[in-house]
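Note that the chains take the letters A, B, C and D in the order they are written out, and that residue 1 is the start of every chain.
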Amino acid sequence: MATAFEFAPAIALFPLAAFVIALAFGKYMPKKGALAGIAATAASLVFSLWAFVTVAGGETYHETLYEWAVGDPTSEAGVQGIEFTFGILLDPLSTLMLVIVSLIALLVHVFSLGYMNAEGETGLPRYYAELGLFTFSMLAFVFADNLLMAFMFFELVGLCSYLLIGFWFRTESAPSAAKKAFLVTRFGDYFFLLGVVAIAATFGTLQFAGPESFVDAAADAIDGEETLFGFGAETWVTITGLLVLGGVIGKSAQFPLHTWLPDAMEGPTTVSALIHAATMVAAGVYLVARMFGYYALSPTALAIIAFVGGFTALFAATMGVVKDDIKQVLAYSTISQYGYMMLGLGVGGYVAGVFHLMNHAFFKALLFLGAGAVIILMHHEQDMWKMGGLKDKAPVTYYTFLAGALALAGIIPFSGFWSKDEILYDAFVLGLEDPVFGVAYAMALLAVFFTGLYTFRMVILTFHGEPRSEAAADPHPVGPSVTFPLATLGVLALVAGVANLAPIAKLTGMDITYLEFWLDGEYGVVDGLTYTAYTETIGYPAGEIVSEQATLLIAAGLGLGLAVAGALTAYVLYSGPEPVRHTEKLGSVYGVLRNNYYQDEYQVWLARNLTLPVARGADRFDQGVIDGVVNGVSSVSLFGGGGVKRLQTGVVTNYAALIMLGFLALLLVFGLHGGWFL
Amino acid sequence: MTVPVEYYVLLSLALFCIGLFGVLTRRNALMFLMSVELMLNAATINLIAFAFYHGNLTGQVFALFAMALAAAEVAVGLGIILVLYRNFRDVDVTVPSTMRW
Amino acid sequence: MIIETLIAVTLVGALVTFLAPNRIAGKLAFAISLIPAAVSLWMFTAFDGSGNALLEGTLAFESRFEWITLGEYTISWFVGLDGISLPLVVLTTVLTSLAIVSSWTPIDDREAQFYGLVLFIEANLIGVFVALDFFLWFIFWEAVLIPMYLLIGVWGGPRRKYAAIKFFVYTNVASLVMFGAFIALVVGLGDAVTSFALPEITEAMLDGGPGEFAGIAGTTLTSVVFVAMFVGFAVKVPVVPFHTWLPDAHVEAPTPASVLLAGVLLKMGTYALLRFNFTMFPSDVVSTFAIPIAAIAVISVIYGAMLALAQTDLKRIVAYSSVSSMGYVILGLIAYTQYGVGGATFQMVSHGLISGLMFMAVGVIYNATHTRMVTDMSGMADKMPVAVGILIAGAFGYMGLPLMSGFAAEYFIFFGAFGSEMLEYAPIFTALAMFGIVIVAGYLLFAMQRTLFGPYRLETDYEVTRAPFHDVAPMFVLLGLIIALGVAPELIFDMIRDAVDPILGGEL
Amino acid sequence: MEPIALPDWAALGPALVLAVTALLLFVVDAVNPRKTNRPLIAGTATVGSLAALAVAVWYLLAGVGTPTGEGGRGEFHIFGDPGQFVIDEMALFFMVVVAVVTAMVAVASYDYMHDHAYFASYYSLVLLAATGMATMAAANSLVTIFIALELASLPSYALVAILKDNRGSVEGGLKYFLVGALSSAVMVYGISLVYGATGHLQLEAIAEVIAAGDAEPYSGLLGLGVLMLIGGFAFKTASVPFHFWAPEAYEGAPAPVAAFLSSASKAAGFVIAFRVFTTALPIGDLAPMGIDWATVFVVLAIVTMTVGNFAAAVQENVKRMLAYSSIGHAGYALIGLAGFVGPGGSELVMSAAMMHLLVYGFMNTGAFLFVGLAEYWGVGRTFEDYNGLATQAPIACSALAVFMFSLAGIPPFGGFWSKYFLFTGALSVGSTAMIAVAAALVVNSALSLYYYSRLVKAVWIEDPVPGREGLSQPVGLYAAIVFAAVMTVAVLPGFGPIADAATSAATALIA
C-alpha cells in the first residue's frame, strides 16, 4: 500500500509540470494553460491533504532524496566533507503549510479564470506558467528538510514574484516594481546566503531536523562552550541566525526592507493574493518557524525578531491609513500582519505565530481576491475614492470581503481575532517581565487600532455610501470563478479560528487548542520540532496580572477594544454618502505617512545618488587611471621609438661618426673595466 | 738596425686615425673611399710588422690578400659612385639622404 | 590517440572551412564542429581517469611521446585528461558548435575565413586543456591569440582595431612574463627535472623546490615565480587591475567571438592558475600570498560589478560582470578547500555557459536593433519574446539563481571560502565578495528593465522581427545545460572533486 | 651503403657548388650576350642552390661533423689540420640556411627582376655572395674569414645598387658600401691586432697561444683587436652600432636582395662570430685577462634589440619596418653569444640562436619576398598602401600573416620555438646579466607584436584601397612565398631534427 509520503515530491512536481505545459503548449490550450494549473494545484492539494491526514495519523517523514553535491569526507577533515542534499521533511508544520499553500494556489488559479481570462489579457500562457512555477517553488520550499534547499526555493520564489509582478511589462511601472521587489529581497537574501554558508561551515550540516541537524549541533556547541570562528558559540548562533533573518526581513517585508511590497501591487491582483497570502511573503515567516529551534537558542535573536515585528506592525499600519488605492491599503496591512507574526515568534509564541500565518493566509487571500473582484467590478479602477455603494450591487463580494476585513481587524469571532489575540497575549505576558518585549507589545497593540481604522476605512469607502464614479454606478458583473473562491475563503476566514481557541481553552479548561496539539506533536512528530521543545529551550518567564485568566482577559480586552475603536473611528470619519478625506487634520504628519516615512526616498537615494555616482566614479577611474596606464605604456613606447628612429639621420657621414662613437663608448667601458690601457 | 715593433704599431694607429678622420670629415665619396683605404693600409702595416715580429709569414700573406681585396672593394666602390653620380649629379655622400628615420 | 584525433579533426576542419566557399562555410563549420563535440561528449562518458593530472593521477586518454630535445630537457607531445580538464574540453567543443550557429545571422562577410578561424581557435582551446607538457601547453595557449585577434579585428565593431591589438599585446606580454618566470623556476629546479612535463615539474616542486638561480635563493625564487606567474595569468583571467583589455575586446568582438572569449578564453587563465600556481606550488607558498590574492579577488568582484553598474552598453555590462565572476574563481582557488577549488572549477564551466548565453542573447537583440545601448532600447520583450525570455533566464543565471549552474558554483565557492583554513579572515573576505550577488542583480535588473520592458519605442527604418530559429536554438541548448548543471552539479562536480582533492592533500 | 669516397676538399661541397653555379651563369650569359634566356638563368641558379642545399643536407645526414666516436665521420679540415677551413655541423647547418635562402631568392627574383637588363649578372652576383656566405660558415682562420666575408660583401654592395636608375637603390648601395668599407677596415685592423698579440691567424692556434698565457702581455692589444673584430661581425649582422646601413640598404635594395641580405648574410655573419669567439677566443681564458667579450655581447644584444624594435614600431614604410625588425632579430640572435657570460648553459642558448637564424631564414625571407610581391604589383610602400590586400590576394596575405606572427614568435609557427628557446636559453644561463637580457626580450617582443600585427591588420582588417587594379599572381614570387610559409609552419612540428642539429653543432663547437 502506497503511503502519502511516497508521493510527497509530487506535491511540488505537479505545479512544475503545469509550468512546463503552460509554457510550451499554453498557447494552444483552451483557457491558455489555466486548466493545467488548476488541475495541478488541485492534485497538489489532494496530496497535501493526504500527507496532512497521514501526519495526523501519527507518522512523519524525513528523507534525503537527492544528493545535490557531495563532499568527499575521506580527504577532507571537518565540515568540508559536507553533503548538500535535497530532502523532504513532512512534519505537522510543513504539512499544514502545504495544505494552505496548495489551497490558496488552487483558489487563485480558479479566480484567475475570471480575473485574467475573462478580461482578454495577452500573455496568459506565461501567466499560468509563472503561477505554476511560483506554486512549485513555494511548495518545495515548504517541505525542504534543510536550509540550503530552503534557500534555493526561497530564491526561486523571489524570481517568480519578479516575473509575476512584472507581468504587465509593457508599462513603465510594473517592471520597475518587479525589479525593486527582487532587488530589495535580494539584499535580504545576501544575508540569508551568508548565514547558510556560515551555518554549513560551522556545523557541517544544514538539516532542520534529526540528530544531524545544525540546531542540535548548535545546542551542543553552546553547551560545550565552544569557540566558533572566534566567537562564543551563542554569539555565533546569534550572528548566523540574524544573517538568515536578513532573508526573512526581505521576503516578509519587514522594516527596513518592506519598501518593495507596496510597489508590488503593480502585478495582477491575483498575483498579489498569492504573494501576500501564501507564498513570497509567507516564506519569510515560515522560515523562522521552520528553524525556530535555532532561534530558540539565541535570546538576542528572538528579541530582535520580536522588536522588528512589533515595530513593523505599527509602522506599516500607520501608513495604511492614508492610502487611496485599495490594493495599497491591503499591501500595508500585509506588512503589518507579518509584523505580528514576527512578534509572535519573537516572543516564543510559536503556535501563535503559525496560527496567525494560517489565518492571515486565508483572510488576506480573501481580501485580495475580493479586491480583485472589486477591480473587475470597477473596470480596473483601484482608487477607493472613486468607488462606493458596491454593497448592493455585488453582495457576494461585499459579504466575503467584509468577513475578511473583520478577520483582519481582529474582531471576535473571526479567525484573525484568535490568532492576533494569542500573539498579543504571548507578547503581553513576556512584556510584563522584560521591558524590551514590553515596548514591542505596546507598538503591536497600538497597531491594532490602526488596523481597525484602515480596514474599515477601506470597506466603507469601497462598498458603502453612494457610487462616486460611473464605473461604480454600473459595475461589471463577476462570474462564478470569482465568487467561488471568495465564498470558500470567506467561510475559512470566519471559522479558521476554531483551530486554536486558546483563550477559551484557558478560561474553560477544554482541550480545544488543536493547532497547539498539532504543532506540539500530539499527532505525528519529528523529534525536537515541537512547541514544548522550543519553549523549554527558550525558557522565557511568563508574567501575569492577578491570575492567568485575568491576564488573558485583560490582553484580549485591550486588543479587541482597540480594534473596535479603530473600526468605529473609521465609521465616524468615512460613513455617509459623501465621505471626506480628513487629511488636513493630520497636518504635516499626512505628508510623512503619505510618503511612507520617506523610506523609499532614502533607498532610492542610496541606489541613485550614492551607488550610481560611486559606480560612475569607478568607471572614470578605470578608464582614466587603470586603462590610462595601459595606453600610456604603449604611447611612451611609441614615443621612445620615435626618438630612436631619429638616430637614423640619412646622412652617411653621421653614421660613420655614430659608429665610431658607439665603438669608442664600448672601448672606454670595457677597456677601463678590463684594464687594457695599463 | 731593427725598428721596434711598437713604432710600427704607432704608425699604423696614426694612419688608421688619419683615415678615420677623413671618413668623418670628407663629403666627397672618392675622398671617403680613399680614407677607408688608408685605414686598410694601416692594418696592412700592422700585419707586416707583426709578421716580422713573430717571425712567421702568415701576416704577410694576409697583407697581400688584404691589398687584393682592397682593390676589389675600390672597383665595386667606384661603380657605385658612378651610378651615384648618374642619379644625384653629385658625389657628395651627404646628398643622398632621401631615406631616413 | 583519441585526443590527437580530436585536435587533428578540428584543425583539418578549420583548413577545409577556410578554403570553402563563403556560401556554405557556416553550415560546413557547424557540421565539422559536431565531430569534436560528439567525440568530447563520448570522452565524457568514457572517462576513466582519477586523481589530478599533475599529481600522479591516472590520466584518461593519455598519450605521450618525445618531440624535441633541448639541451638537458625533453619536450614531449604529452596530453591527457583529468577531472578538471575534461569538463572544460566539453565546454569548449559544445560552446564552439553553438557559437558557430549563433554567427549564421550576424556574419555576412568573408564567412569561410571567419568559421575557419573559429574552428582553429577551438582546436587550440582544446589543446590548452589537454596539454600536459609545458611547451605544448604554451603553444596552444599562445596560438589562441592569432584567431582571436583576427576575429575581433576583422569582424568587430567600430573600434575593433584598437581592441584587437590591445588584447593581442596585453595578453601576450603577460604570457611572456609568465613564461620567463616558469623557465627560471625550471632552471632553478636543476637536475631534478629533465623534461617540461608538468607532472614531473610538479613532483620536483613539491619535493624540495628549486635551488639557487642567478644568485637568488631557492625560496625567494619560488615566491618571485609564484607572483610573476600569478600576474601573468591574472591578465588572462582577467582580474583587477589587469582587466582593461577585456571590455574593449568584448564590446568590439562579434557575437561568436565574445561567446568564445568570455566562455572559454577567460577560463584559460583560471585553469592555468589552478594548474600552475595552486597545484605546482606547495601550500605553504600559496598561503604566503593568501591575503593579497583574496583581496584581489574581492576587489575584482566588487569593483567589476561597480563598473558594470556604470555602463550603458549591454556587452560592456556583461564584460565587466565577467571580471566580477572571475573574481569568485580566484576566491575559490585561494580558499584552498575542496569546495573552494572545486567550486572555482565548476564556476569556470558555469560561467562559460552563462556568459556565452548572455552574449548570444545580446547579439540576437543587436542583430535586430543594431544597437546595444541600454539608453536606446525599450520594450524589446514585445518584439522578440523568445530571445528576451532566454536573456532573462540567462541574466538570472548570472545572478546566481538556484537550480542554475551559477548558483551551484557560487555557493560552492562561498562555502569553501568561508571555512578556509589557509585564508585568514576568510569569513570577512567571503562576506565582502558575496555582496557581488546583490550588485550583479542591481545592474542586470536595471539593464533589463530599461531595455526589455516598458513600452516599445525603438525607431528603426525596418521592422524589428522575431529572431530566427537558428539564433535562439543554441541559447536553448545552453539554457538546458545551465539548468542541468544547476540541478545536478554532480554531473561534473564529482570528477572535479576527484581531481581537486590531491591538490589539497599537498603530499604526493 | 658506403658512399663513394670523396676527397677532403669535397667537404666544402656546398660552397663549391654555389661557386660553380655562379661561374656557370657567367658562361650561360657569355654564350649569347645579346639574348637573355631568363628561365634558363633563373633555373640554373635555383638548381645550383638547391644542389648546394642537397649536398649540405646529405653531408649532415651522412654524419659529417658528428664525432667519429658517435658513429659520425668527424670534422673535415682543409689546408692543414686544424685547417683554414673546417666542415663541422655548424658549417653545414649554416650552409643549409644560406642555400635555402638563396634558392628562394633565386625563384622569386625570376619575376621580380624580370625586366632588368642585367639579369644574368644579377644571378651571378647572388650566387657569388652565397658562395661567400657558405664559405664563411666553414672558414676557420681569420684570413679565410676575411676573404669569405669580402666575397660575400662585395657582390652584396653591387646587388643593393643594382637598380641603377632607382635613387633609393643607389643610395642604399652607397650607404651599405661606405659603412661596409669602414667596417671591414676596422675588422682588418682588429685582425692585425689579434695577430700581433698572438702571432697566429688560424683559430685553434690563436686559442692555444691564449691558453698558454703567451698573449698575457698584450692584453690591451688583444682587447682592442677583439673589440674591432666584434665591430666587423656587428656590421655583417646589422647589430648596433654598426647597423646604420641596414634600414637604408634594405629599403633601397630590390626586395629579394633585401631578403637575401637580411636572412643569409646575417646568418653568415653570426656563424663566423660563433666560430671565432668559441674557437679562437674562449671566454674562460680571456675573461681573466679583462677581455670580457660576453658582457660586450650582453650590452650589444640588449641595445640592438631595443633599437631595432623601437624604431620598427614607428615606421610607416613596410620594408623599412622589416629592416628594423631585422636589426631587432640580430639582437635576439646575439643572445647566443651573450650567453657565454656564464655560469652555464651557453650551449643551449647558442644552439637556440642557430635555430633562430634557420627559422628566420624562412620567415624573414618570406616577409621580404612579400614586399617584393607588393612592389611587383606596384601597390605602394606604406602600411596604408597595403590596406585590404587580403581581399584580392588571400593566399599571399595568409602567408604574410604566417610570417608576421612567426616573426613575433606566436605559435603555431616556427618562430615560436626559436624565440622561446632563446628565452629559455637566456634564463638557463642563470646569471643576472642574462635576466636583464630576458627582460629586454620581453619588452621588445611585446613591442614587436604591435608592429607585426599592424601589418596583418593592414592587409587583413583594413578596408581595401579603392580603385586598386586586379593583382596578378607571378609564379616565381608566389612559389617562393608559399614555400617559405609552408616551411615556417612545418618546422613547428618538425623542429626536432633542427633542434638536434643545432644542439650538437653548438656542443661540438664549444667542447
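Following the convention adopted for this analysis, contacts are C-beta pairs under 8 Å (C-beta built on N, C-alpha and C of every residue); 3 or more make two chains touch, one makes a residue touch a chain.
All of these numbers come straight from a predicted model, not from anything done at the bench.
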| item | value |
| --- | --- |
| Joint neighbours of subunit D and subunit B, given as chain labels | A |
| Of C-D and A-C, whichever chain pair has more C-beta contact pairs | A-C |
| Intercentroid distance (Cα basis), subunit D paired with subunit C, Å | 41 |
| For subunit B paired with subunit C, centre-to-centre distance based on mean C-alpha positions, whole Å | 64 |
| Centroid distance [mean C-alpha coordinates] between subunit C and subunit A, Å | 36 |
| Gap in Å, rounded to a whole number, between the CA centres of subunit D and subunit A | 77 |
| Sites on subunit A at which at least two other chains make contact | 634, 645, 648, 650, 652, 656 |
| Subunit D, residues touching no fewer than two other chains | 174-175, 178, 182, 186, 247-248, 450 |
| Residues of subunit C touching at least two other chains | 169 |
| Listing of all chain pairs that touch each other, if any do | A-B, A-C, A-D, B-D, C-D |
| Contact footprint of subunit B on subunit D as seen in their complex | 142-143, 146-147, 150, 154, 157-158, 161, 164-168, 170-175, 177-178, 181-182, 184-186, 188-189, 191-193, 195-196, 199-202, 221, 247-248, 251-252, 320 |
| Residues on subunit C engaged by subunit D in the complex (per definition of touch) | 67-71, 110, 113, 124, 135, 138-140, 142-143, 145-146, 149-150, 153-154, 160-161, 164-165, 168-169, 172-173, 176-177, 179-180, 183-184, 187, 213-215 |
| Residues of subunit A defined as touching subunit D within the complex | 634, 637-638, 640-645, 647-648, 650, 652, 655-656, 658-659, 661-663, 666-667, 670-671, 673-678 |
| Residues of subunit D touching subunit A in the complex | 174-175, 178-179, 182-183, 186, 219-220, 223-224, 227, 230-231, 240-242, 244-245, 247-248, 289-292, 295-296, 299, 306-307, 309-315, 324, 447, 450 |
| In the complex, subunit A residues that touch subunit C | 67-72, 75-76, 78-82, 84, 148, 151-153, 155-156, 159, 166, 169-172, 174-176, 178-179, 182-183, 186-187, 190, 193-194, 197-198, 200-202, 229, 607, 611-612, 614-616, 618-619, 622, 626-627, 630, 634 |
